[in-house]
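Sharing a structure with you now.
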Amino acid sequence: MPLLLKQIAPPEVPLEADNITPDRITGQTPAGVEKLTVMHGNETRRIGDFFRVTGQYDGVINLQGDHLGRVKFIGARMSRGVIRVDGDVGEHLGAGMSGGAILISGNAADWVGPEMSGGRIEIRGNAGHMTGSAYRGADMGMTGGEIIIHGNARNEVGNAMRNGLIAIAGNSGDFTGVNMLAGSIFVSGELGIRTGAGMKRGSVISLKDAELLPTFDYSCTYQPGYLTLYFRYLTGLGLEIDDERVRGPYKRYCGDSVEMNRGEILLYSG
Amino acid sequence: MSGENVKIVENATCTFCGCVCDDMVLTVDLDQKRITKAKNACILGRAWYAEHYIEEDAPAAMIDGKPASIDEAVEEAAKTLVDAKFPITYGLSDTTCEAQKQAVAIADIIKGSIDTTTSVCHGPSGIAFQGVGESTMTLGEVKNRADLVIYWGGNPAESHPRHFGRYAVTAKGMFTPRGKKDRTVVVVDVRKTPSVPAANQFIQVKPGKDFELLWALRALVKNRKISPNIEEITGVSLETIQALVDKMKNCRYGALFFGMGLTMTRGRHFNSGALIALATDLNEYTHFVAKPVRGHGNVTGADNVMSWQTGYPFGVNFSRGFPRFNPGEFTTVDLLAKKDVDAALIIASDPASNFPQAAIDHLAGIPVVSLDTKATMTSKLAHVAFRTATYGINTAGTVYRMDDVPITLRKAFDSPFPTDEEILTAIKKRVRALKFPKNQAGDKVPPGRASQKEHWKH
Amino acid sequence: MKLKSTEIVDTFAEAFKMWGARVIITAANRQWARAAAQAMTGFATSVIGCKCEAGIESILSPGQTPDGRPGASVLLFAMDKASVGKRLLERIGQCVMTCPTTACFNGLDGDNAVQVGSQLRYFGDGFQGSKKLAGRRYWRIPVMDGEFVVEESFHVQASVGGGNIIMLGTDEKKTLAAATAATRAMAEIKEVILPFPNGVVRSGSKVGSRYKTLPASTNTAYCPTLKAVTDSSLPPDVNCALEIVVDGLTETAVRDAMTAGIHAAAKPGIRQITAGNYGGNLGQYKINLHELLAD
Amino acid sequence: MPETMLLVPGRSSKQGTSLNKGKFEDEYQEITSLVEMNEEDMVRLGFNNGDKLRLKNPVGETIVTCKSKKATDLPHGMIFIAYGPGSSRLMESDTAGSGMPLSKHLPVQVEKIG
Amino acid sequence: MTECLQLAGGKVYDPANNIDGDIKDIYIEQGRIVETPSATPRKINVSGMAVMPGGVDIHCHIAGPKVNLARKLQPEDHRLDPHPGTEQTRSGVGGSVPSTFATGYRYATLGYTTAMEAAVSPIGARHAIEEFHDTPVIDKGFYVLLGNNIFLQQLLREGRKEEFRHAVAWWINATKAYTTKLVNPGGDEPWKGKKNSRVGNIDEKSDVIEVSPRQVIDAFIGAVNELGLPHPPHIHCNNLGHSGNFDTTLETMKTAGDRRVHLAHIQFHSYGGEPGKNPKSASRQIAEYVNSHPNITCDVGQVMFGKSTIMTADSALAYTLRGFKKAKWVNADTECESGCGILPFSYQEHIYVHALQWAIGLELFLLSEDPWRIVLSTDHPNGGSFMNYPKLIRLLMDREFRKEEIKRVNQKAVKRTLLNELDREYTLNEIAIITRAGPARALGLKNKGHMGPGADADITIYDEMEDKEAMFNAPRYVVKSGNLIIENHEFRRDYTGKFLHTEPGYDASIVDQVKPFFENYYSIEFDNYAVDDSYLHDHEVIASSP
């Protein structure tokens, strides 16, 4: 039986709920969980002021409610267990998480999994800007783990990403993979502009054609061996990828030439 | 009688734009309380001074549109702010550093957010700075040394009219004794602005392709390849780009100035970042600097005060009892448009007239405290509205020029209205008293450098 | 005891502890996968002379490989972990990376791993890159037909080498036929390989030699031509003996393979099926033939 | 069919000087609702100086007055307006994690009214 | 609101008054230490605790334009180290470049009550003073950067020594500085004007200014000593960080002859080896020269492993360092005066050069014979944050701890130093000298660094502990100017602290010389340049004695 947090009152201002993680609630009774603090704007409040907590933690926390889109930092720094959210979520979902899984049935706001190092986040709906990215000023974003977005993501997906996997079934915004250091980003839908700007290493794989920066140079059209591994893996996670795209071929562009020039953008060219 | 009681103020500082020219010679008619002449001022500065008059009969404070005493209004403002769970303080570019310091203190005490007009001006350049740094300079270095000056995405002829003459184009300096003759000036823009005639070369880039052009320049500076269809992408031919690269690499001291053509268009901070990175790259070959051409008088001061007090230049939130920074989350347009905030303190700015409509709509629905020298759209919708003295004309204080050089203001004549610093200091004292009723001995830090202490009880 | 007309000698095969790895080779089609696998397992009959023993475990269909392409599974054994690593590096580098369209994956789980891709990557001259997926790292090395994908580390596990059966027949033809039947049956068993040509070895050996420099020499007791001059183990009407050596990832697999081999080899014309041992003093495993048939 | 053009709001000296006079004065209102357009575009679209145009995008709309600009000074398809309430109506509030709403290069539909 | 206090029964370490751990009561009244108070004091029992004067940091970077740029540059560093406010104190952020409030409070929590910002360009003086106003608890002042001032160099070229001295004094008055600072003297012109080149040796004349670094150094040492400033020129020698630079350092010291001079962060200037190759330790040569020349004081600029921020007026150096990682980098040129370079940095145990730098700093401490002339510093935040001081103190006081730490670093580097042979352990009295009494004396601050009657009541009281890092990390009491700021480890009140500056005399007619230069080459008006008295909050002029 999972631990169920049912939203009973909409927050008046954004709620910061970094205590809602398996790490914090392990060993707590529902009443104990209700006593954990949350920040409601500048007020220190309790989880119980906004959620009714029932059930028993068996590895899964389930959040339900219509106003979860105003709840930030769900699953921040979590290292294990599962958080399942029926609804939307606010900013900083799974920020800095190192393990476990987060499943969101609705949409997520900006900063999904910033600077995460492990675990998996799966969003059935759309994600905002800065998915899997670095916070401002930092030179390293996501360093491991997986983010799967079934809808669209917006700008700066994987900004300064150092490792891990991001897969977007829908479109991604501008500057996908900007300043990437390594890792893989798959986009099934349309890419925005300036993909991979400043990337040092890493791969952005697009299942559609796209317009690229003048500093990405075409190398060849081929079928990169490792892609199939990823496609199999992603299919296993419920993403649909048609056979032609699994077979390829792909155009390989190397860049960014203003940087190390060791990154690649692969565009499907079947 | 007008003309009898005249005062001359020398070396006064114009705070209209970020040039912060401090060589004004103001002729002040003390009877009329008007500045009748502003020698050395540009067209904007002349208007700034000429249009400055005191609306004697305007109330210094209003609560819900009705005149109130300053004490009542301070009390009401303090209550409004202390009651809020997520108050935002915004504006601050058109006021002194002394007032800005008080505003940050208030935000700290009430655990709110604080943001300045930087966020909708060169905020993206600030983000870029945090990512790539910047090779930069004070404006006197450009005047003394620069033999190549490039303006990108800005129109100083209209926004900063004395930038050319005083600092960067015709200015004569140590190694540029002949002024314009000793330097090459290039303007890059999407349209032929009134700044173009001042330049030796105009490069017209396709709208929205600044980043691509800057990126191509960076690649060529590093002797890397770029796509052959660069002209098709950017509207600028490869020959032109290569020639500019050669010019940049071979100059003695190059300067890149950039405007909101970069920060306000798609790409935002990456556009600024590309330009800054280009200047950085060029230091491999010669000395090169870059600088955003910043706007309102003391917006740079706001950045500086915020940075030293909180560690961050704008978009700061104190709700957890310490400063946090995150543009897009704690910046004002976002906080308003996402309906996150429940009260606002707006200082010397008019978001109700120039923000996106969604943000204006939320502002209209929450209690607002405003401080401004004139009636604005924001003061009209404010719950508590203060009318304050104009900085640099009716107040002393400190402002920072766009290149971080601090300059002292000289007051030309008195205003019947209190200064921003005075009102904010009073609000700070009241919010502290309301927030920490048991700790009234707490304020051991003297109030900010008192720039003006007289007359605020009228 | 007798199995059909063949006598199963009451003896045991003496097997050794070895370390083994499984390498999954995939390619654009089955021919290229097999070519790489064959090359990789060539000259790998005996640790004595080849430093490792290797063979093709099975041919894999697209559904059975990590990247969904046709493939082959190769097992490679050596006496210690480090040697397995060295041999994999040499053989994957020389036989798989060189072969068009191939990719190369680790086929085992476990706690012990040797580094392969992370060493081979230097062939990429700085242009190599890696991908980490589900906890495993794959190196991508640019080559002339695209890129060679090879997994960073390969697991090795304690294994069993030197399982064997020896068929003693009345003539060469019948003995060869029995050996062939036995190898076919044994190839069906998972987790084992038969390292010798077509699975069969004729030059069985004994420990030691009259020449000081040689550690082993021909197994005189089973050479029919020496019956008259040595203390022979061959019955009078036996004129040909052949051995099948089997290496496996587990003892069970080796036993299963031997059992299958004995059953298939017990044919008319095969007088005895026996096994090689060294008196039980050298190997860690003693696989008794009668026990195999009793199970 | 309304024409889609690229709106570039920016500063101008006149906007700056009129700002000093006051935002509720006619001059500021007038200057911030004046749109400059390439003269050849105007001919093509049948606009005259002083025509009232509606600028519209998914965010909102505003009514402006049209003024011609030499074809060499303003590219085809681009229109310029001084910052002000008019340009605010057309600005989206999303800032893409930057704090800055896109304030220049706004694609807008342009049509004559009246 | 100062209190009348009796600090009763503590072990007093007051080396300036030859008190070394004696049990003694200290009385405080009106912000000063008194023999006997006139009122009944509040008695605080500090028996079993160590009572010391408040710490004095002679060289750090805590305020002004470059510091603020470095702050703005690193949100990622601040984010991980918030500094919450209390009802008494303002909030802020830490990291290697903390916000002003956090800077003041954190110095106080280490028992430091005075800190000197070591490099402010004249045009940025107003900015530094504004930041000081928001830097609580500690007293503070700054050294003004004049070593690359073009006007002053022109006077030197023309041999106008007298006017040079007046102009230096004018600049100190105009900026409200404490003394002069030279950074890479003569090095700005090659950097800014000659495509980022640098000075080789100190006798090389600039082809633009036609003056050599040695001439600049000599002139400043002369002028400042003649002006009688409480602290001599504070010199950051040329060639900082470059292999083989110890020669430049020796030449700089020789230029002083027997005149007073302070060498900043000498650790960074004690490298042997070939230029462009890996450095070696030359700490013995440097320490020997310093030991035998009582006119010289220095601070060490110890490197501590972990995050730091390179922040220096030596722009060329910052650019060189930038070359390693190509990460974010700031260069900021200041017209006619100076410039600066900034880059986030991290010292790592396993890196040869970093370990060598760490070891050289410790060697210098351990080889120095006169603790009064060597001051503890990390050149905050260049060698590491001042928050590392307690650990550094333990490294000096605890041989066993030091040995364990030595094992953790690059051994190739350690082998090239004497570190393993140096068994010296600093005593508490010596620590009191290198962190308080010595720097106060070097600064000419007669009322600081000791606890004799009349001294400023800046006092720190530590629980005596075996682990000296723990001890110096958490004073139980901190008294600043008679105010009990920290009591039982908790902040009890806020306090602004004083601004310290000097007002050397000069001939006012020098203004007629400076002004035309200004009008030609500066971008602000001469009359708006000098910092007026309205910027002074609680301040103290430290007398000059020409």
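To keep things simple, chains are lettered A, B, C, D and E as they appear, and every chain counts its residues starting from 1.
One rule holds for everything that comes next: a residue touches a chain if its C-beta (ideal position, glycine included) is under 8 Å from a C-beta of that chain, and two chains touch if they have at least 3 such contacts.
This one's a predicted model, so the numbers in the text were calculated from it and none came from an experiment.
Common neighbours of subunit B and subunit D, by the contact definition above: A.
Fewest steps needed to get from subunit C to subunit D, stepping only to touching chains, is 2.
For the criterion of most C-beta pairs in contact, the winning chain pair is B-E.
Among the chains, the centre nearest to the mean of all shown protein C-alpha atoms is found for A.
The greatest centre-to-centre distance from subunit B, using averaged C-alpha positions, is reached by C. Subunit A and subunit E have centres, each the mean of its CA atoms, that are 46 Å apart.
Look at where the CA atoms of subunit A average out and do the same for subunit C: the two points lie 46 Å apart. With centres set at the average Cα position, the gap from subunit A to subunit D is 38 Å.
Inter-chain centre distance (subunit B to subunit E, centres taken as mean C-alpha positions): 33 Å. Multi-chain contact residues of subunit A (touching two or more other chains): 110-111, 129-130, 135-137, 174.
Annotation for subunit D: residues 96-97 touch two or more other chains.
Touching of two or more other chains is recorded for residues 73-76, 79, 328 of subunit E.
You'll find the chains touch as A-B, A-C, A-D, A-E, B-D, B-E. Residues 96-97 of subunit D are the ones touching subunit A in the complex.
The touching residues of subunit A, when paired with subunit B in their complex, are 12-14, 16, 39-43, 91, 110-111, 129-130, 135-137, 174-175, 178-179, 193-194, 197, 213-217, 256-258, 261.
Subunit E contributes residues 73-77, 79, 327-328 to its touches with subunit A in the complex.
Subunit A contributes residues 134-139 to its touches with subunit E in the complex.
Against subunit B, in their complex, subunit D makes its touches with residues 6, 8, 10-13, 16-18, 20-24, 59-60, 72-75, 78, 80, 83-85, 87-89, 91-105.
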